[in-house]
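All chains are identified by letter, namely A, B and C, in their written order; residue positions are counted from 1 within each chain.
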Amino acid sequence: MNDTKTQEQEVAVQDTDYVVVRIQHLKKSFGDNEVLKDINLELHKGENIVVLGRSGQGKSVTIQCIAGLMLQDEGGLEVLGKEVKEMTRDELRAMRIKVGFLFQSGALYDSMTVKENLSFPLTRVLKLNDKQEIEKRIHESLESVGLEDAIDKYPSDLSGGMRKRVGLARTLILRPEIMLYDEPTTGLDPITSREISELIVALQEKYDTSSIIITHDMLCARITADRIVVMNEGKYIATGTYDELVKSPDELVHNFFK
Amino acid sequence: MQNKTSQKIKVGIFTTATILLLLTGIFLIGRNKSMFRSTIILYGTFKNVGGLLEGNNIRFVGINVGTVESIDILSDSTARVGLRVQKKVQPFIKQGAIASISSDGLMGDKLVAISSGTNTTKPVNDGDAINTVEPMQLDKVMGRISGVAENAEVITGQLAGIVTQVNQGKGSVGRLLYSDSLAKSLEGTISEAKGTMRSAHKGAEGFSENMEALKHNFLLRGYFRKKEKARVKAEQEEKNDDKADEKPKLKLKKAKSKDSTTVKIEKEQ
Amino acid sequence: MASAIISSFSRYMEIAGDQVLFTGRFARNIFRGGFEWGEFLRQCYIVGYKSIGLVGITGFIIGFVLTLQTQPTLKTFGAQSFVPSMVAISIIREIGPVIIALICAGKIASSIGAELGSMKVTEQIDAMEVSSANPVQYLVVTRILACTIMVPLLTIMADALALLGGYVGVNIQDHVSFSLFFRKSFSALEFSDVMPALIKTFFFGYAIGFVGCYKGYHSKRGTESVGLAANSAVVSASLWIILLDAIAVQITNMIVY
């Protein structure tokens, strides 16, 4: 637990230039398939980075490495100033509390109600026992995504957009410093997509997080991105704001903005 | 939350019920093995236990009262058998009781039979040694059978002597068979008897005519009708009884046939 | 050819090693503290209570059929009175535990495999992992323990119902009183029949839970892998039960006789 405290202090001391995630020459392959060839990225505090790329190119692999779900083959990957590969079990645990991960499908636990889904990380991870405190946090979290009515429903009763919102609420309930979004708008209609994207921005401001958003949805990218990174064949080929990249002469980049 | 409580209750009921089942089973097995009852131990020494095993039953007046607990070899010609017997039969087993090894039915399970002994009235104590009788050995059985055969020879010899005497017309049986005078006097007696029978028959005919006349007499008609009805009824009941009897008869037949097979097997042995 | 054999051998060894590691994770997480009682009870309910009907009917019919099948044969030997003893010994020593375990492998291992498989596919397991919650403790420990405890209980229940079925079977042709039948059954049984049979059902239950969890937990991404996980869970669990039974017989014979 000491590590967590020192990290918190570090974060507090540093100003907005503080780099929360630093990726250097990251490589990862599955068998013969080299998914990530040479990835370099720096996520600054309070920044929203959108990673654009075509499906099936291993965009998600990057953030899965950040969350410690996979280990990179080569290269450096620092989260909150510590190399993920060298973390002990307890350090990894502490890091994961600081890093929120929203999965493509929302990944709600099917056998539990929304309320139980939200209390799951509170009782297991933060080891909270005070029922009133848990109740308060759940309500606050659901309020921030606008879904207080769904508290006693099961995930199977919810629509795709609602699941994403509950998933978001469950991730935010631990008050993470870094948010990783894996295709937050996939499979949603344009209106819901826009709502979710706007919600991401609103929550970003409310909880003061830094985010990496993996997507191929241009609408989402335009709404959420401070900076966009375009990925192709395991490398980041371009970076810049939305307006900068629209004007890019590179054909590969240009294809996304048509 | 209510849902969860009911789940808990169901799991609780199921678990308790099955554990109770298991405990009942263990208890039942243990009871049969007299494990949870107070017992005493008796010892008997045999020259030959004839294939007795630990765990074989012990019978006293035909009731299972315990099991064989141990069989130890004492010397080159004796084995000591420990008999674990229920305490409640202790007062009935007297000190002169005799243990013997015999087999149980066709399947040949060995058992120890304790038979009540003679003259003493004191019951046995825990750990006592009791008298034994050696299990019947095959050669002994064969010896006895040959004795029986010798007896049979003597008997048949004597029979043959009797038959020759009869043939010679000696004694009352011989005279009956071989003397004419006796036969003739018998014939005379029989013909006289025939005459007597004939006159008796005539008398009976006359009586039946009288009876017929009486039946037609209106005063007595009712009485005879009633009698007739009762007779018919009785006949019908008899028929019904016959039907009902058929099944048990069949069973009896089966049982008989089984007996005959067992007898055969015994003979073969 | 040789390289194919070596690679398949090393693949097999990899799986075996992986299973050993998984067992280690399971064992460590039992005693880690913060045991998931709620989830454990829920699993007991699903594994145990929800299987009562299936297992009960199976048990009853096994006893019933076994009696009807053995009765004519024993009758020809004039050993009809051995029917209860034979039924009791064969059910309690062998048929009850193995058949009930196989039935449970079909019902429970497949459902655990499918459930965890779909949780894997929909990233629920990853979600637990990244939120620092412990998926092994919550999902695996509870399920394996629930199976390990519930399968023996189900077997006890099935054994009892099988004896009842045997009693009904005997009474179709002959009349034997209830108490005589059970007296005869239990007089044939020894503790050395009951205890090894009971102990091996714990291993059967563990095998069912373990294989179901392992297959589900390690299923690949993609919808068809859920079906694959469920299917291979049933196949491997059944195989494990038969193997464990063979091992149990050897050990029992070594210890008891």
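To be clear about the criterion, a contact is a pair of C-beta atoms (placed from the backbone, for glycine too) under 8 Å apart; a residue touches a chain by one contact, two chains touch by 3 or more.
Since we're looking at a predicted model, the values are computed, not measured.
Asker: Using CA atom means as chain centres, which chain is nearest the centre of all the protein shown?
Answerer: That would be chain C.
Asker: Which one of the chains is farthest from chain C, going by Cα centres?
Answerer: The chain lying farthest from chain C is B.
Asker: Taking each chain's centre as its mean C-alpha position, how far apart are chain A and chain B in Å?
Answerer: Inter-chain centre distance comes to 91 Å.
Asker: If you average the CA atoms of chain B and of chain C, how far apart do the two points sit, in angstrom?
Answerer: 50
Asker: Between chain A and chain C, what's the gap in Å when you average each chain's C-alpha atoms?
Answerer: So the centroids are 42 Å from each other.
Asker: Which residue numbers or ranges of chain B touch two or more of the other chains?
Answerer: Within chain B, no residue touches at least two other chains.
Asker: Quick one: which residues in chain C touch 2 or more of the other chains?
Answerer: In chain C, 42 touch at least two other chains.
Asker: Please name which positions on chain B make contact with chain C in the complex.
Answerer: Touch list, chain B to chain C: 4, 7-8, 10-11, 14-15, 17-19, 21-22, 25-26, 28-33, 55, 106-107, 258, 261-262.
Asker: Would you mind writing out the residues of chain C in touch with chain A in their complex?
Answerer: 34, 42, 118-119, 122-124, 126-134, 138
Asker: Would you tell me which residues of chain A are touching chain C in their complex?
Answerer: Touching chain C: residues 64, 67-69, 93, 96-97, 99, 101, 103-105, 107-111, 120-121, 124-125, 127, 167, 170-171, 174 of chain A.
Asker: Would you mind writing out the residues of chain C in touch with chain B in their complex?
Answerer: 38, 41-42, 44-45, 48-49, 52, 78-79, 82, 153-154, 156-157, 159-160, 182-183, 186-187, 189-191, 194, 198
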